[in-house]
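Two complexes come next, and they have one chain in common, chain A, joined by chain B in the first and chain C in the second.
Right after this comes the complex of A and B.
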């Protein structure tokens, strides 16, 4: 079994490399390139998924893949799959498979207009770099892969480089991601200075390092990975980078790339440093609470579909961090059962989010493909033109709002259960934080529902608000197949959560937790088993069966009591005036306004009303502009930026005078300082 | 077999009582205005009449509009399975807890809010937008309240919570329960679209919320929307009466007689609560839309104080 896993995995890697090469070679024939590269990617993603499942069910933890040691010290290629990597690779492979199917149709609109071959080269190498990040077991190799992943995703963000929006997004992204990488590097260096090794296996730094240093390394990792994950307040790159990239890339970035940061947090903090202080977990939990609530609150204000989805990713990262924070607190208190439960919630939500957020980004791509706009205010009525896309987006919207038959509910339920398990165990000091986490999860869930009612309702329902939306047509079949697969998976893992949980169990066990689901027996696909955690049981499947029975009975009762269903089609009630038009509909801005007013402290909304015409009482035209300020940009980044600028100005005039004599003096002082340091310290 | 009886009793009782609550509410309000008012069972006739009528469907709308009434009604019924009307049918358990209940009702609400946008009517959008605000603000209070009760009962399952309350003496003599009870009353008012949050009897665009969402519905669709709302209201009332005003512990009989007695008590309690809600509606005025957050904050603070007292008093058995 294990042998096959390694074999399958290596062949999948080779296929990705092959796909990249083919993409490079086929710059002339873009149509064939599109089909060929995607077919290879689908195949290798399937192989990767199969390998991960084999690995997860094999019961063996680490599986070394490739070990190439070079003559240069520390530089070596060493790849190992353990259960944690395998789990993330499974999520990656499933999403890559769907995205590749989707790209068959989606990229066809790029053919002839852009360099599709270059795109596919970047696409395949980007996937490859993510796999390297997830499998490397050496800090230097991890660091290089991480950097390659960041750079390739940067190229993909600026792929439509003639747009100034893309350029700005790319610049912000690369600055933020490099700042983050610097923190990671410092973290690795500090660990190295104690353990004298860059190998993850040998680097169990927990025993050697003093407490204060561990705390510093934790902060380094938190900032480093937190930026990639998009934790508030480090999230500012996310809402601009995601919309700039092509939609299939956004799906991968939001579905998997930001999750590599979650992978990093799990890999390095409990795995390498060992969690001894509760405050680590508390910090992560608090950040999770803030990200979950603020992320969705900002998402609600956005009218660009992809910006909305990007902010919603911030929210979901927050939910994952709530699970992770509880896990770390439990680890610090040596409570294995709760830590495994919370880790399960975090990991499952990671997987679920990859499915439905990937799907939603693909849906956004389909909308743009059909209606050529991402502005919700210009859409509407698409469900009649694109019934399949509409149905899938509705399902993803339900899933991301944690509504019952879909998978988002299961992971949030587990998060609630882990909080409950902690509270019933009873350390009073933290309970207040936990109850705030419960409230935050509830608030975020309800706001997410509002947000996705807005997204679905305003783009797919009602009357079309623009010419483009009116002319939209259903997208190619391949795009709908991809979304259909993701919808099916969302529903499957929502109805049969045990399938997904069975795959998570080895991960939590290998991270030193206890197996929560070890009591499970086979046959879970056919036979009904309720999901049980912390003494509570649910069975979503039973409820779907009830729902179906009830709907059938209601239809039957309506027929028996009310007779035959007679329907009359008539216009919407227009208060007796002329026929309604699309501009009389409620706008998405108006829809979000009550919540904007309630949470005005977060948004600091401003509006501009310009009346045109002779009298303000009878204006010919009214311009209404509304905007909000991001409090983080204004109160956090702006002051820092100004301070850096001022400091640069000071150095420019005081230190860098331009005189060669003073530069020589600096060199002299520097040399002296170094010599003194070496002599006396 | 136990489960089948349990499900049948739940569905029959909830379906039978839900319209009565609205009838009583309207009757009390009418009497307070020195009107005679319709009989309390008027809503049964209304529903029957609506079922018989033809249905007008907006030509702007899609399948979402037509599916929503069935989903709203079916989710309310499925939710009703989780909230036992009597604890005397013990031994029967549907696997589900209050978190499942909240998110099942969320499915219905999602479709109702989406369907309101489907006709292209401004009223629908307005109602949907307001519902989005109120439901998100009230959600933390529901969760924290029920979490407190779950911690006391050491289980999230509502039958277990209801059973555990019966052993604690009079719940409302305990500060934890008092706080949570008050929070739940506000939750009930908000979820049931009652004054001071919403006014179910108005069709004025400035004030309506729930009515605005279902404005375009007619015929059997309207019947199911209204019945669904009534069932949802009854779910929250059932929570209130069975958790905070338990009477089943006084019934020492067993068997069929106990169940019947307990159900009679249940219906009486529901009638009393319906009257109290009507009195609240009579005595208060509808809040301005942007004062509702204050009410929601009050509910949250009460729920939060409740759980704090649980932590301080420990176990809640004061």
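Right after this comes the complex of A and C.
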């Protein structure tokens, strides 16, 4: 069985390479290229998913895939799949499969206007680079794959390169990601200086390195991976890069690429360094709390669908980090059960987020495909024009807001459970943090629900707010099929969570935790809280069954009590006006206003009202403009930028004077210093 | 024979001091020519010693090369270059000559201070000569700093090269022949390019003062 898994992995890799080559060769025939590349990607994604499931259920820990050692020292291609990699590759493969189906329709609108072949070359190599990141077994190879992934995603972000928005987003993205990678490199180098090896041997570094060095490496990894994950305050690239990229790429970036950072945190911090200090977990937990609440608070302020979704990704990364933080604290205190439970919550939410956020970005792409705008204020009434898309987006919105029959609920529930379980036998100081985390999770959940009410309500319900929205039509079938598959998976893993939990179990066990699955009680349909801590169960399926029965009973009762009622269809009562129009509707700005007022310390909102006309009492037109500034940009990034600029100015005018004599003098002083150094050492 | 080498090493250092004391550009070039002649003599003496003891004639070939290049060709080239640009007697140095000379003396002391500890590796007699030749490098660099005209920088560069050559000859009994040849080719190229650049600087600023180059800064 394991043999087949390795075989399937390799064939899926080869298929991706094949797809990239085909994309390069077929620059002339874009239509065939579109169909061919996507079919190959779907096939290889299915192979990859099958291989990952085989690997996860096989019970074997590591599966060496490709080992090529070169003559050049340290440079070797070594790929190994262990359970953690297999789990992330499963999520990647499922999403790639759906996104490829989606691209069949979505990219067809680009044909003839843009270089579709180039797009597909970047697309397939981007997927390939993510697989390399997830499977590499050696720090140098990991680092190279990581950089390749960053660069390819940069090219995809600036794919619509003539737009100044894309250029700015790309520039910001590449600066942030390179800074982050520099931190990673320093971390790897420090580990190398102690272990003299770039291999990821589990726990190898932990024994040798002194405590203080471990702390430094932890901070390096946290900044390096945290930037890619988009934790606040390192998130600023995310809300501009995601909207700039084509929607299928945003789905991949938000669904999987930022999760490679979570993979890195799990791979390197418990796996390589070993968690011994509680403060590591506490830091991650605190960052998670901040990211979860502020991410969704910023999301509420956005009227651009994809920016909103990008901020919501920040929120979900926050939730994942809350799970991860609890896991690390429990690891530091040698509490195996809780650490496994929290890790399960984090991993499950990673998987779920890949499904529903991928789906939501695809939905945003569909909206843009149909209505040619991403501004919520210009949409409206789309549900009548594109009912399937509307239904799927509604399902994803429910999933991301953690409403019961969908998968988002299960992972957040597990995160809550791990927090509660830790509180029962935790320390007092930590308990306060856990209570805060529970409150933050609750607040983030509520705000997320409000946020997606806004997204769905203002884009799909009501009357169309613009001509473009009025002319929108249902998108091609392939796009809806892709979203349908994702919806189905969201529902499936929400109703039968034990399937997902069974797949996560080998991961937590191989990372040195205890098995959660074996302590679960009950059948296939019910999630039980592990027996060893305290009894606590929940079953989404039973919830749904009761909900259906309840609604049916009410309807029945109404029918029985009320008798046969008459149904009369009529327009909404318009208070005697002649006709309702779209401008009388509630606007998204108005909807978000109360929250803007509550969180004004974060947003620093400004507004501008301009009256046009002769009299201010009877204006012809009123313009109302609102804007907000991010406090992180204003108080964190601006001062840093200014300092760098000032420093550059000083070097320009004081050091680089342009006079040959001063340059010669620098050489003179440097050589003199070297000779003196030689003299005294 | 070795006594000659010692005397020549002192003379080379002395010529560097003389160079520092020169006021006119034509005399820079002549001093450089004299210094190169000393170096050629030194290479010749060492070459004869080497021919007698080991039977190699690398250094003699290099001696001929130095005579051709540094004593005849390059000074001639510099004279011609300088004749083409506007000739004016004006103060070319940043500090006045007595101060420059005393700084140079300080540099020799500094070099002695830095190299004096090497006596465990190298015999004492050679250390003194090494101090002389490394001082020539320092004085060459300082000469580049102290002169305003581009020709001054070229001469300084050549003096640094002279100092390096003597240092390698004393410290390691000469570099491999191919390395020396490479160095000479580099030197010719550098001088040719610098000569052309001096014309360009002169065209652009009506002067070969390198101070004016800071106008180029963006």
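As a convention for this text, the second predicted complex is superposed on the first by the 644 of 681 C-alpha atoms of A that agree within 3 Å, B and C clash if a C-alpha of one lies under 4 Å from a C-alpha of the other, contacts with A are read in each partner's own complex, and residues count from 1 in each chain.
Here, a residue touches a chain if its C-beta (ideal position, glycine included) is under 8 Å from a C-beta of that chain, and two chains touch if they have at least 3 such contacts.
Since we're looking at a predicted model, the values are computed, not measured.
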Now for A:423: first (chain B), second (chain C), both, or neither, which partner does it touch? first
One more residue to check, A:456. First (chain B), second (chain C), both or neither? first
In the superposed arrangement, which partner chain does A:155 touch: chain B (first), chain C (second), both, or neither? neither
Could you figure out whether chain B or chain C reaches more residues of chain A? B
Considering only touches as defined above, state whether A:392 meets chain B (first), chain C (second), both or neither. neither
In the complex formed with chain C, which residues of chain A make contact? 656-661, 664-665, 667-668, 671-672, 675-676, 678-679
Per the contact definition, I'd like the list of chain C residues that touch chain A in the complex. 94, 110-111, 113-114, 117, 141-142, 144-145, 148, 153, 210-211, 213-217
Quick check: in the complex, which residue numbers of chain A touch chain B? 380-381, 383-384, 390, 394, 397-398, 401-405, 409, 413, 416, 420, 423-424, 428, 431-432, 435, 438-443, 445-447, 449-450, 452-454, 456-458, 460-463, 530, 535-540, 542-543, 546-547, 550-551, 554-555, 558, 561-563, 565-573, 580, 582, 584-587, 590-595, 597-598
In the complex of these two chains, what residues of chain B are touching chain A? 48, 51-64, 70-71, 73-75, 77-78, 81, 94-97, 99-100, 102-104, 106-107, 109-110, 113-114, 116-126, 128-130, 132-133, 135-137, 139-140, 142-144, 147, 150-151, 154-157, 215-216, 220, 224, 289-290, 293, 300, 304, 307-308, 311
